[in-house]
Amino acid sequence: ETIKPAVVYDFGGRNDRSFNEAAFNGAQEFKERTGINYRDFEIQNPSQREQALRNFARRGMDPIITIGFAQAAALEKVAKEFPDTRFAIVDSVVDLPNVRSIVFREEQGSYLVGMLAAMASETDTISFVGGMDIPLIRKFSCGYKQGAKAVNPDIEIIENMTGTTGAAWTDPVKGGELARSQFARDSDVVFHAAGATGMGVLQAAADEGKLGIGVDSNQNHLHPGQILTSMVKAVDVAVDATLTDAQEGNWSTGVQVMGLAENGVSWALDDNNADLINDEMKAAVEAAKQDIVSGKVEVHDFMVDNTCPF
Amino acid sequence: MSKGQLPRWVDFGLLPAINLIAAFLVSGLVVILIGENPLEAVKWLVWGALGYGEGVGFTLFYATNFIFTGLAVAVAFHAGLFNIGGEGQAYVGGLGVALACLAMDQFVPWYVTLPMAIIGGAAFGAGWAFIPAYLQAKRGSHIVITTIMFNFIASSLMVYLLANVLRPTGSMQPSTRGFEEGGQLPLLRHLFPAFDLGQSPVNLALFVALIACVLVWVLIWRTKLGYEIRTFGANPNAAVYAGISPVRITVVTMLISGALAGLMGINEVMGAQARLLLDFTAGYGFVGIAVALMGRGHPIGIILASILFGMLYQGGAELAFEIPTITRDMIVVIQALVILFAGALEHMFRPAVVAFFDRFAGAKAVA
Amino acid sequence: MLDVIILVLDSTLRLSTPLLFACLAGLFSERSGIVDIGLEGKMLGGAFAAGAVAYWTQDPWLGLLAAIFVSVLLALIHGFASITNRGNQVVAGVAINFLAAGLTVLLGQAWFAQGGRTPQLDMDWRFSPITLPFAESIQNVPFIGPIYADLLSGHNILVYAAFVAVPLTWWVVFRTRFGLRLRAVGESPQAVDTAGISVAWLRYRAVIICGALCGFAGAYLAIAQSAGFIKDMSAGKGFIALAALIFAKWKPVNAMFACLLFGFLDAVANLMQGQSIPGVGEVPVQFFQALPYILTVVLLAGFIGRAIPPKASGIPYVKERT
Amino acid sequence: MTISLDNQSVREASTHGVAAIELKGINKSFGPVHANKDIDLVVGKGSIHGIVGENGAGKSTLMSILYGFYTADTGDIIVDGKTVKIPDSKTAIEVGIGMVHQHFMLVDPFTVVENVMLGAEGGAMLSEGIARVRKELGRLADEYDMKIDLDAVVGELPVGLQQRVEILKALYRGADILILDEPTGVLTPAEADHLFRILRVLRDEGKTILLITHKLREIMDVTDQVSVMRRGEMVASRKTAETSMSELAELMVGRSVLLEVNKQPAQPKDALLKVANLNVKDDRGVMRVKNVSLEVKAGEILGIAGVSGNGQSELLKALSGITRAETGSMELVGNTIDLTKNHSSSDFRELGMSHVPEDRHRMGLVNAFSEYENSILGYHREQKYSNGMLLNVSGIREEAKERMEKYDIRPRDTELKAAKFSGGNQQKIVLAREIECDPDVLLIGQPTRGVDIGAIEYIHKRIIEMRDAGKAVLLVSVELDEIRSLADRILVMFDGNVVGERGPDATEQELGLLMAGVTDEAAE
């Protein structure tokens, strides 16, 4: 079956070094594999969310994937107007019969990299740089803290947020500065969830001989040997899979939870960081992963009660 | 007509048109550079903005935002005050609108909510302008800095409120809950089904904006307060001589300016989104500076400049939609060129046009 | 305690550097009577050029030159609009900001296909930290040692350049013929004109210097502080620099202190974030993020007094009004 | 009489001496305004050449063309027998022309030295030039008796000294031809005399001087030759010795002008304005008005004479409610007012005071406003101008039109921006506004500064009429002639104090001494 897929990114845009970019990569992968072209659109202001969805739907694009929690309200409206079009949303839940909602258990992946950070730290101090203080980012940081504390209950965790405007996601200078200030307070491993701002965080870690942890996609290659690991959020896989399902007639709607069990989130291990991860660390993380998948360990989801007990 | 003078239609019609054409010619070069057909691009841009009902609707919708922020900058400008804080005032004004809607939407119809929302938006926007105004008037703190600072402070405040206070539990999005019917302005496409406005979000706020234009015109050119504002802006010494209090005028003008910026929330929050979103101002406050200056501080000029920018926003989106290689960044470049040629370089072609008209008029006189 | 102070001050230096370049840039422009809210855009354009050229040539110095070139080009557009065509200077500045924001990403995408970013730079394609002489040997001397080795030493060359630019600017503005004319033209262009000096050429030179300094600021962002250009990476610094300039009442040494103050407030806010304050407990991070701006307003209201700009600034110079 | 270019005298000027400057067929238009029409002018070397003409006649424009500030549309400039192009002031300076502009071309925050060296720094580093400037200025100051504090900030100097800086600037650049555009408008008689002495010395050294002034007496005193302009044209040129003030006045205005003020003795009644124990500081905290008490009766004109900068400005500002006084109170038409409180000038207006400010550009008018908008400045809150919150625009226009007729304000266009009216007409706009509101007390500062004689005649007439209508008029002027011909009583201010009171028949010498601070007691 030939399909006419479309992707609508949110504010960050196609190349935000974060989940929008991951979605783009997924669509790209699908295109290369199947030769099926897709169309996409980067929104610039809130009103364009609905407009872009509708424009695609009107032109018979199907399925239409929207990226980011902020699109939920727009999708809810447009999906009702076009009940015969298949929609998908990443990072939020829209409860409609023609919508597939894909949500990730970021806290689970963050838990694992938190463990690694705690094990790699020699100062018993690790840190986190978030983009903006919004629930999604809290979700990352809370899982990270829980994982670190699981390894070392006394560990010190420094947490910073970059800013409050859109620039929070594109300010590598500020990111680097926050990281440096954390290093000066003894942190030696830093995890970022700050989009392009994170480039500055990882750069600072590399410059100062500390360890960084990447996010969303596998960022280990950015500074080989200086990035401990990356918390991979497989938006690309999810997008690719969604398109493939539509193409192959396996389309399903409802909520798809992408946790460790589903390989929706994971920690990255490749040549670039092989030397940083010893067998002991690897074993511990893999064990924890099993425990989470089996439900033996429960990772707290910030969204459930808006608090982080760690 | 004497030498060196231009007829009004040239001054207000031909020259701006030449400026716009220049902007588009240069934009066309950029389009060629990235390997697309500029004519095609212009076609989509214009068609997207004006070619069909929904496009027109979107154009008017954006224009509504710009009218509010443009008026805000213009009113302050008449008093010689440079209010760069429209963005922050609009943001906080949106909070005022949202609170009114949240409080009332479940109980009363929209037309009961609207006056409260207008009061809320205006009051919050004005409130956010008050401290910079007061500090300028009493302490001489430069209003340009304080309003810039208040933009940043506004975004901190709003992230805090949206992420921690106003967000319904369990929602991922830093925003308020959606408003019920009673907190939503009717869309024009529902009010005037005869006009095909597609699914555009243009709403009753357009009329609020137009009424604001009339009121601003009356205020500035027909009221005693407006006379005092203009006097203070044009010659502060003469204002004191005339018994006009600089403190009062500074504060009152900035309150009006902030209130106008705050009303942008009526369009965005109550009209289009039916909820208060993070960063819903999307830079409209800053564009308001260009709109006000290009509109020469006059409501008619501001309406025209707003429509121009509305067209750029909507036509640009359509263009980016239709020609994938033209990204939203290309649209930003086109906007920049329009601001440059139609705004900053507005006098560039004037001498040539004057020379042409002088010769033309001279030739006719001889013949 | 000392190391916390050094930590904050160290961070202050790094954060102030781009502000300082941009602020001095604005000083030249505004002293000549050209209001410049386009600092942001010039900085951004410079940052992009630096990132791209440093990547192509693998040489930070060429990157810096490119940054200066591009930034001066943008400054000339500003000059052409506001000097030659007597356009509105603020509108021209707004246009420059938009132009830089759009073009950098557009060209970046076209050339590198990384979403407007320039490819990541290797360590030695950037300006890297310089260890000042003897820094290591006196590291352990109490008090002086850490201050010299940890605070003063170990920055990249552009940080030092920024602080050298301050006395240099002061000297140019107050001790040279050009400076005298620059100050005069911002106050009274007619006086300059009737003294037989070309107002336009003088202002063009000021605007070009402004562009060059913005180029330094941009290069610092892209190839010293970071390892490449990222879209919108100036993140409002141009506006803060403008605020600092007004704060400094258009004086070079004041400008340095104003930028240091902004950098310091930022550094402190970074440090305080997430720490609970004794007696108050956990404070929302947004409060600390807003703190530098709140403190600026408080300082402005409390201590600075009226800042009176050069008298002719913002007004296009016309002899014959028709 | 015929009003055409008097070729005879032009030829005489050029044959008697060498011509320093010859202008031929100069034309200049500003948009629709033809400011200079086919101007021919010959200025003999080593002479003082006066130029007179009504406001807006085109004098400043012509001089600015000579100085390269404007470029002529057509015409030739011949300096020392050579035709030169003067596209900018740099060239003018190079050919030896210096100019003191009507509105000073100084950089206010600069010191005297910095102002003088601007454009003639003598090297890329300032340090090189500064010593040279100081030395040369010292020499010039000695030679021409023009002492000045070289490190004073120019903006803080009184206007008389500012003008001195302008002259020094020109001399420092080695000007052989010096243009002075209304130099005495801001000077006291003593200062003006001093200036003229300097000009004579300069002439005797062989320099050529072009002098623009509205004061015919000065023309008669100091010039060798005088040219008259009217409406952009050069209408006559005379040897000063062969003409008279009344002839010049007639040439300028095109009708005969009454140079003397005609008035009956005053009939003073009750005091409408009483001021007691007034002390006022200026913005910089310096006490400028010291223990001044005075009263103005209905039906009299009280003149305040004094060198400018001796507290008159602050006196007017305090009395009109613009600034707060340190001590003092005022009784205005029976209302007691504490002047140490903050007041709004509109409160005083309501009580029957009106005020023609000294500086019409800075205070009395909003240049960007149209004439009719200016006609209500300060009175805009009055009932008759409003419909509720709104302004009654058509009523205002109507009234403005009537006033333009009544006061002969030209051009008769209520929509024209104030900036576009000539100085005399601008002054009439202010006067019309402040007189027509029918005040009981009228404060007037420098009513005829920079105004041509035709307009002066008219303005003086109106002021006398006010007095005769039983108003109390407080007149501040630095023009002794004006004070003496208008005032019924004269107070002289020096350094903030009232140093003496005289009747209208006081001699110029007597007043001049008082103005210089030589008080009655000191003289004894």
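The first chain written gets the first letter, and so on, giving A, B, C and D; residue counts start at 1 in each chain.
By definition in this document, a residue touches a chain if its C-beta (ideal position, glycine included) is under 8 Å from a C-beta of that chain, and two chains touch if they have at least 3 such contacts.
Remember, predicted model here, so these are calculated numbers, not experimental data.
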Pair of chains joined by more contacts [C-beta pairs], B-C or C-D: B-C
Centre distance in Å when chain C and chain D are each reduced to the mean of their C-alpha atoms: 46
Centroid distance [mean C-alpha coordinates] between chain D and chain A, Å: 75
Rounded Å distance between chain B and chain C, as computed from the means of their C-alpha atoms: 29
Separation of chain A from chain C, taking each centre as the mean of its C-alpha atoms, in whole Å: 34
Residues of chain B touching at least two other chains: 4, 152, 156, 159-160, 327, 331
Junction residues of chain C, two or more chains touched: 109, 116, 236, 284, 286, 289-290, 322
For chain A, residues contacting two or more additional chains: 13, 133, 164-166
Pairs of chains, among all present, that meet the touch criterion: A-B, A-C, B-C, B-D, C-D
Contact set on chain A toward chain B in their complex: 11, 13, 39-42, 44-48, 50-52, 54-55, 69-70, 72-73, 81, 91-92, 132-136, 164-166, 303-306
Residues on chain D engaged by chain C in the complex (per definition of touch): 30-31, 67, 69-70, 88-94, 99, 101, 105-110, 114-115, 117-121, 123-127, 129, 169
In the complex, chain C residues that touch chain A: 3, 7-8, 10-11, 14-15, 18, 109, 114-117, 120, 123, 129, 221, 225-228, 230-233, 235-236, 266-267, 270-271, 273-274, 284-286, 289-290
Parts of chain B lying in touch with chain D, wherever the complex brings them together: 2-5, 218, 222-225, 227-228, 230-231, 234-235, 237-238, 240-245
Chain B to chain A touching residues, read off their complex: 58, 61-62, 152, 155-156, 158-160, 163, 167, 169-175, 178, 199, 201, 268, 272-273, 275, 277-280, 282-284, 313, 317, 320-321, 324, 327-328, 331
